[in-house]
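The same chain A turns up in both complexes below, where it pairs with chain B and then with chain C.
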Partner chain A sequence: MAVTAVEVVYRGIFQKSLSRNICRTIVLAARKEGKIGTAFGRYGDSPERNGIPAKYFAIVADDPTELEETLAAYEPKEVAVTIVVDDTLCKGVESWAWYGLQPINELTVEGGTVLVTSIQPEEDLVKDMHVKDVPYNLSIIKGAKSFSGLWVYKDDHTDVRILGALAKVCPNLVGLEAYVDTIAEQSDDELKAHSARRAYDRVSVSPVEPGQGNPEEPFSFDKPGWTKMGEAIVIPGIEVGGGFRGGEGGYQPVRNDVFKKFSTRTMRPVINFETCTKCTLCWLQCPDSCFDVTPEGLYDSDMESCCGCGVCEDVCPVPDCVTMVNEEVFDDNSSQHDHWKRDRDGYMKWLDEMIVVAKSEKEVGAGRSHGFREWGEYQKQIEMTGVAGDD
Partner chain B sequence: MTTEVKDTALEREELISGAEAIAIACALADVDVITAYPIRPYDTVMQFVSKLIADGELKCEYIVAESEHSQFEIVKHASAVGARVFSGSSGVGWFYAFEALAVTCGLRLPVVAMVGNRALDDPGAFGCEHNDALAVRDLGWMLRWVDTAQEAMDAAFMAWRVAEDKRVFLPCAISTDGAFLTHSQQIVMIPDKRLVDEFLPPYDRGEFVLHPDNPITIAPQVNEDWLMEIRRQTDAAMRRARDVITEAHNDLKRIFNRGGDDPFIEEYMTDDADVVLVGMGTLALPLKVTVRRLREQGRKVGFVRIKWFRPFPQPELRAVLSRFKAVGIIDRDYSLGSPDNGGVLYNEVRSALYDGDKRVPIVGYIAGLGGREVTVPMTTEMFDYTQKVADTGIIEEPLRWIGVRD
Partner chain C sequence: MTLTSTLPMIRGVHNSPLEEYFTSGHRTCQGCESALVMKLMVKASGPRTIVLGSTGCMYVANTTYYSTPWVVPWMHTQLGSAGSAAVGTAAGLKALMNKNKIKDEPINIISFCGDGGGADMGLSAISAALTHMAYNHLILMYDNESYANTDIQVSGSSPWGANSTFSPPGKLHRIMNQRWKKNMAPMLAVGHPGVKYIATACASYAVDFMNKIRKGLKYSGPAFIHSYDPCPKGWDYDPMYSHELGMLAVEAGIWVQYEIEEGKLVLNGPSRMIAQGRRQRKPVVEFLKRQGRFAHFVDEDVDYYQSRIDEMWEKWWLPGVIPLFNEAGEPKG
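And now, the complex of A and B:
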């Protein structure tokens, strides 16, 4: 009996076509080996919104009877490979489809693989992923967060590179030659098969031991039964907030503690508390009421509520007072205001570094941007990372 | 064991969803008029219909109406002038069309629709429930439930063939479980157009066609002096549908080599069974898995899937179910305040068996509402309780909700 499932964890809408292409090609390639399969998106993720974490699945079995075990379900119970097409998702995913924060490796089986497209070093990714009590592997395909497949973006071969790597890390799913044959049927571009083979040769595989990773307990929520729920589908309104973190002065709104949204974020605002003019615009314009008002009248963005839309940066009238910075450089959701109060010099030095990072990424057009990217960004990024073009 | 890849001149293989399968069936059946109005999960079929039209593979009048009511009014009228039609909806969208749905039956117009089964709002929910399609069960709509994308496609061909048969001329809805069928891509064998043409003759409205060369009036106002006879005619048409379905099923088997043994029901490992469960739609898939697992433990269990809900397979169920020691009926629907507070299927099956030769003990299960997965542990729980009823002959709880948080 052999049923093998893989998942692609992706950013809603931007990466849906990419994920769909990967999963469909897996199943079509499996047919070439006489296997059968199914491909489907996580229904509850839909309707998708820009950037929300979402999932697509491919399941392959030796025959239809075995496949039946996996049908009429929203997702497999476990996957041999978790493919992550945006490395910020390694911090965990909260979606429309379930409650709580799901560690990126939650469905990954013992000895399975988390396969990530990233230009981050391995140790930085391990630090992001929640601790698992069984060993598994981390594989990295050096590359950008691709929007390939979305109609306005160039095909950057991310799908075929992932498939090539997949043949290496999970050979019992589908072998390399079946992928190459299927890719050749789908595209006249001979380079695509070449990219798949090269990814097969180059993908790195490293073990992740139990206990390695982010030790935090992901937030969760127990759903009540029908005898305990309020009746008539009535949901009480959110109460009025109080003082800053329960103390004197300031204001902190009451927030939804079962749907936090921060795993949607790919950039976060960093605040210069020393140039802030207390104009209130970030606080007023933030669509998610992320900003706490501190006792001294400053604005501290709550990183459990921020989905990284960047409105605060756009409306702030003070240069570099609010700067959106690539999420991958952060390890936790701790308060910037706390950091600043504790260690002003240290905070300001760190802030300067963050602003430099943000500006240099903007200059080469290779960093993150909230919202849509511009034409040509990928070519620049590929040149910068040396991912392609060296043979 | 491996699964052979089939690809011959007479059929081709594709990885498609149930919604896409039905859209392709529209192209192969040369549908003339398609109307649409978006609501999940039915609306995936709109995407594929649009794509087929854009790709030049489907030539039809495609009208995105301003509401479901107009959507079904348009196909009703198109059908009256002799056009082959297709439409569909889900959940409360189907209900918004209810007036049009009701009048279509009396006018004997062979509208074919896909219902992407969805829970009825409120609360807003996209998941599968069967109450939407079941709501038209009394009106003269033929109702078909399918469990795979392949069956969705084959059922669409069947639907036009039966609905457009002069002996029937009734609308037919194909129920496809939201998400599990509408959105999941499976391997489907797509027949060549030549095979479809052999199976499905052109729609011929004959002397009923609304056309300037054939001056007729349809849908007049009547009073108590006419309506009962009209209803009795519609009733007779529904009764005749049984034989037409059987004929079509036999042709489907001959031409496409698919469709199973019986047109109305599918029996799975029932030959020596003591206890069987009965259900409709994709819950058949976890149920078959459960049956195989329990069989490995030596338990004599089986499953019966109902394919046609209207016309209801009373003779088949009476003959088949009386063989067992106890039967459990699974409803992915509810009928609040009904006998035993059971589901629609539960009460229909019990009624169908009331004056049979042997009255088998029946229990009901409500499960999978709002698209909740019907899992192997849930169906095992159903088998366990039904077995207890078989062993003791006592029904303590005629109706149980399975998989609900207390």
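And now, the complex of A and C:
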């Protein structure tokens, strides 16, 4: 008698098909072992938005009554495995429907596993994840994150590799052979079973002790509750902003302080304040109004509200003035303008390093993965680099 | 008579107002062009503005879970009632001003709807609102070419052939959305000759966009703006290209930028240069190939799409605006 739940934490829309494939295949494979299960996306994440963290669940039980009992709950309160398909989610997730930031390992049970696709070293991921007071395991499937979109799926074997690794870290959910049989039924590509087996053999597993990780308290807010809500559902508006950092010059908007959106970000803009021509375009075209206007007419991106869309990089007419850099290299949301004002030489040196990081990423494989760019591009990328983790 | 606003035209990006009245912290997609439309709309209209919003992405993403990015007053209205809400609010303010209950001053009323709420469900209410000349308001339809909020179903504004939840391409039938996009702005202009301002717009051209909002608010009576909004979720592209795709649609002649001011039609920006023969249209494939929603297209589909755009520019009575021909199938003008 047992019920086992796993969750996939993913980037909304970009990894929706990937997560659905993983959870559906878990349930289909469970049937082969005489078990029963269900796979579903979290209700509160719908309507899903590009990049905003979302969840898919798979629940497997020995018999239908047990499964029904579990489904009476809105969603699982604890999971044996938290599958993380983008490693920048390890910093915590602020999903669509919740106030505040949730640690990535919040639902992971004692002795359970956080399974991440990543090319980062283990210690960097542990540093990102919030501390837990019970021990758990961190498993890494080596590979870059797989992003696509709503209509065109990037079939780079990420789904089957995760299933193979899952059989290793959670054998009581579904065993490897059941996955391999199900994968063979779903696709003519014989290499997929091979990819699953290889991930089973290669996935790393290491313990994370209580107290290890990011000690910060994730931000949270008081939910008003229905007794405190205004008549006719009146939501307090935002105040109009004022001068930059409370001063006379420039402008800084007041922002929604209960939904910050930064955990949506997989890259952030870094700005060269010395080559900036003050053309205004990054500020004017930013859908999230995240640029503060400094008294000297420069634009400082507020890292609590930037969701990393990259429009600012695209509209900026000056080469390397706005550069999108992988979020994994940053540790906080501090102001770049403050840094530059405090220590110009230090900032410019840091900026050069960041630009090198961004450029080297573009050169690896066929560029950074942030959704669909052109017909046939995914096939070309897979031909160039092989399927994920192929070496 | 309620007064209309007298906001000056914005001359160049450096003269854009600094203040934001739609700020950060909305639950939209990365690179959401419609969120930019909201931001520029109220940046242009200023603090003395009331915004009314029909159900759609810009309602759900901006006011759920007891928080909001709106600085100006905002009210939700039902999916098909952008027009009714605009007239009702304008009439209410007018009555309060007539009774000296509030100061008689220009208050901008902007009612927005998506293409589902505007081109489909709300069309009759918008049409009715555009016949009430005594009430000042602006209706803005932000068109992301699908019911985007509920995960991309076909609307009357979806383009021919695009993939969607309701039109997935299959092995037997590749093109499932056989309908051509509705031509909203001219339909409303021709049918409602009393309206003093009707325009098409795209937030990729921010200053032009903000000035169109200001013009719409300047004229007494109702006004209508149809905004073309690239949607990274439904069109399936890297969110950083929202701005570029808006421009590309204009440069390929797929989206035509114009305003009809007191009955006079003027094409703007690249659309004007294309009409005057001073600029070549880019091939539509440049636009199509960058979106996953058209990834199932074969050459034949691209050629058909191109031929419809060519016809619009070469054969219509008014290029991009009025698709009338004489009996011989020749253009009238």
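We adopt the following convention: the second predicted complex is superposed on the first by the 348 of 391 C-alpha atoms of A that agree within 3 Å, B and C clash if a C-alpha of one lies under 4 Å from a C-alpha of the other, contacts with A are read in each partner's own complex, and residues count from 1 in each chain.
One rule holds for everything that comes next: a residue touches a chain if its C-beta (ideal position, glycine included) is under 8 Å from a C-beta of that chain, and two chains touch if they have at least 3 such contacts.
Everything numeric here is computed off the predicted structure, so don't read it as measured data.
Chemist: Quick one: chain B and chain C on chain A, clash or fit?
Modeler: Once both complexes are aligned on chain A, chain B and chain C fit side by side.
Chemist: Chain B or chain C: which reaches more residues on chain A?
Modeler: C
Chemist: Touching A:Asp62 in the superposition: chain B (first), chain C (second), both, neither?
Modeler: A:Asp62 contacts chain B only, not chain C.
Chemist: Scan A:Ala73 for contacts with chain B and chain C and give back first, second, both or neither.
Modeler: After superposition on chain A, A:Ala73 lies in contact with chain B alone.
Chemist: Could you say whether A:Pro47 touches chain B, chain C, both of them, or neither, answering first, second, both or neither?
Modeler: Both: A:Pro47 reaches chain B and chain C.
Chemist: Now for A:Glu313: first (chain B), second (chain C), both, or neither, which partner does it touch?
Modeler: Only chain C is touched by A:Glu313; chain B is not.
Chemist: I'd like to know which partner A:Trp151 touches here: chain B for first, chain C for second, both or neither.
Modeler: So A:Trp151 only meets chain C here.
Chemist: What angle, rounded to a multiple of 10°, is defined by the Cα centres of chain B, chain A and chain C, with the middle one as vertex?
Modeler: Vertex chain A, arms to chain B and chain C: 70 degrees.
Chemist: Should A:Thr227 be classified as contacting the first partner (chain B), the second (chain C), both, or neither?
Modeler: The first partner, chain B, only.
Chemist: Is A:Ser187 in contact with chain B, with chain C, with both, or with neither (first, second, both, neither)?
Modeler: Neither partner.
Chemist: Taking the superposed arrangement, what is the smallest distance in Å from a C-alpha atom of chain B to one of chain C?
Modeler: 6
Chemist: Residues on chain A in contact with chain B in one complex and with chain C in the other?
Modeler: 46-47, 223-224
Chemist: Going by the contact rule at the top, pick out the chain B residues touching chain A in the complex.
Modeler: Counting only chain B, the residues touching chain A are 1-5, 13, 15, 17, 40-41, 122-123, 126-127, 177-180, 183-187, 282-283, 285-286, 288-289, 292, 371, 373-375, 404-406.
Chemist: Can you tell me which positions in chain A touch chain B when the two form their complex?
Modeler: Residue list for chain A touching chain B: 24, 27-28, 31-41, 43-44, 46-47, 62-65, 68-69, 71-74, 223-227, 233.
Chemist: Would you pull the chain A residues touching chain C in the complex into a rising list?
Modeler: 12-13, 46-52, 96-97, 99, 148-152, 223-224, 229, 235-241, 250-251, 253-261, 264, 279-281, 284-290, 293, 302, 305, 307-311, 313-315, 324, 370-375
Chemist: Chain A touches which residues of chain C in the complex?
Modeler: Interface residues on the chain C side: 13-14, 16, 18-33, 35-36, 39-40, 47, 57, 60-61, 63-74, 149-152, 163, 203-204, 206, 232-234, 236-244, 289-295, 297.
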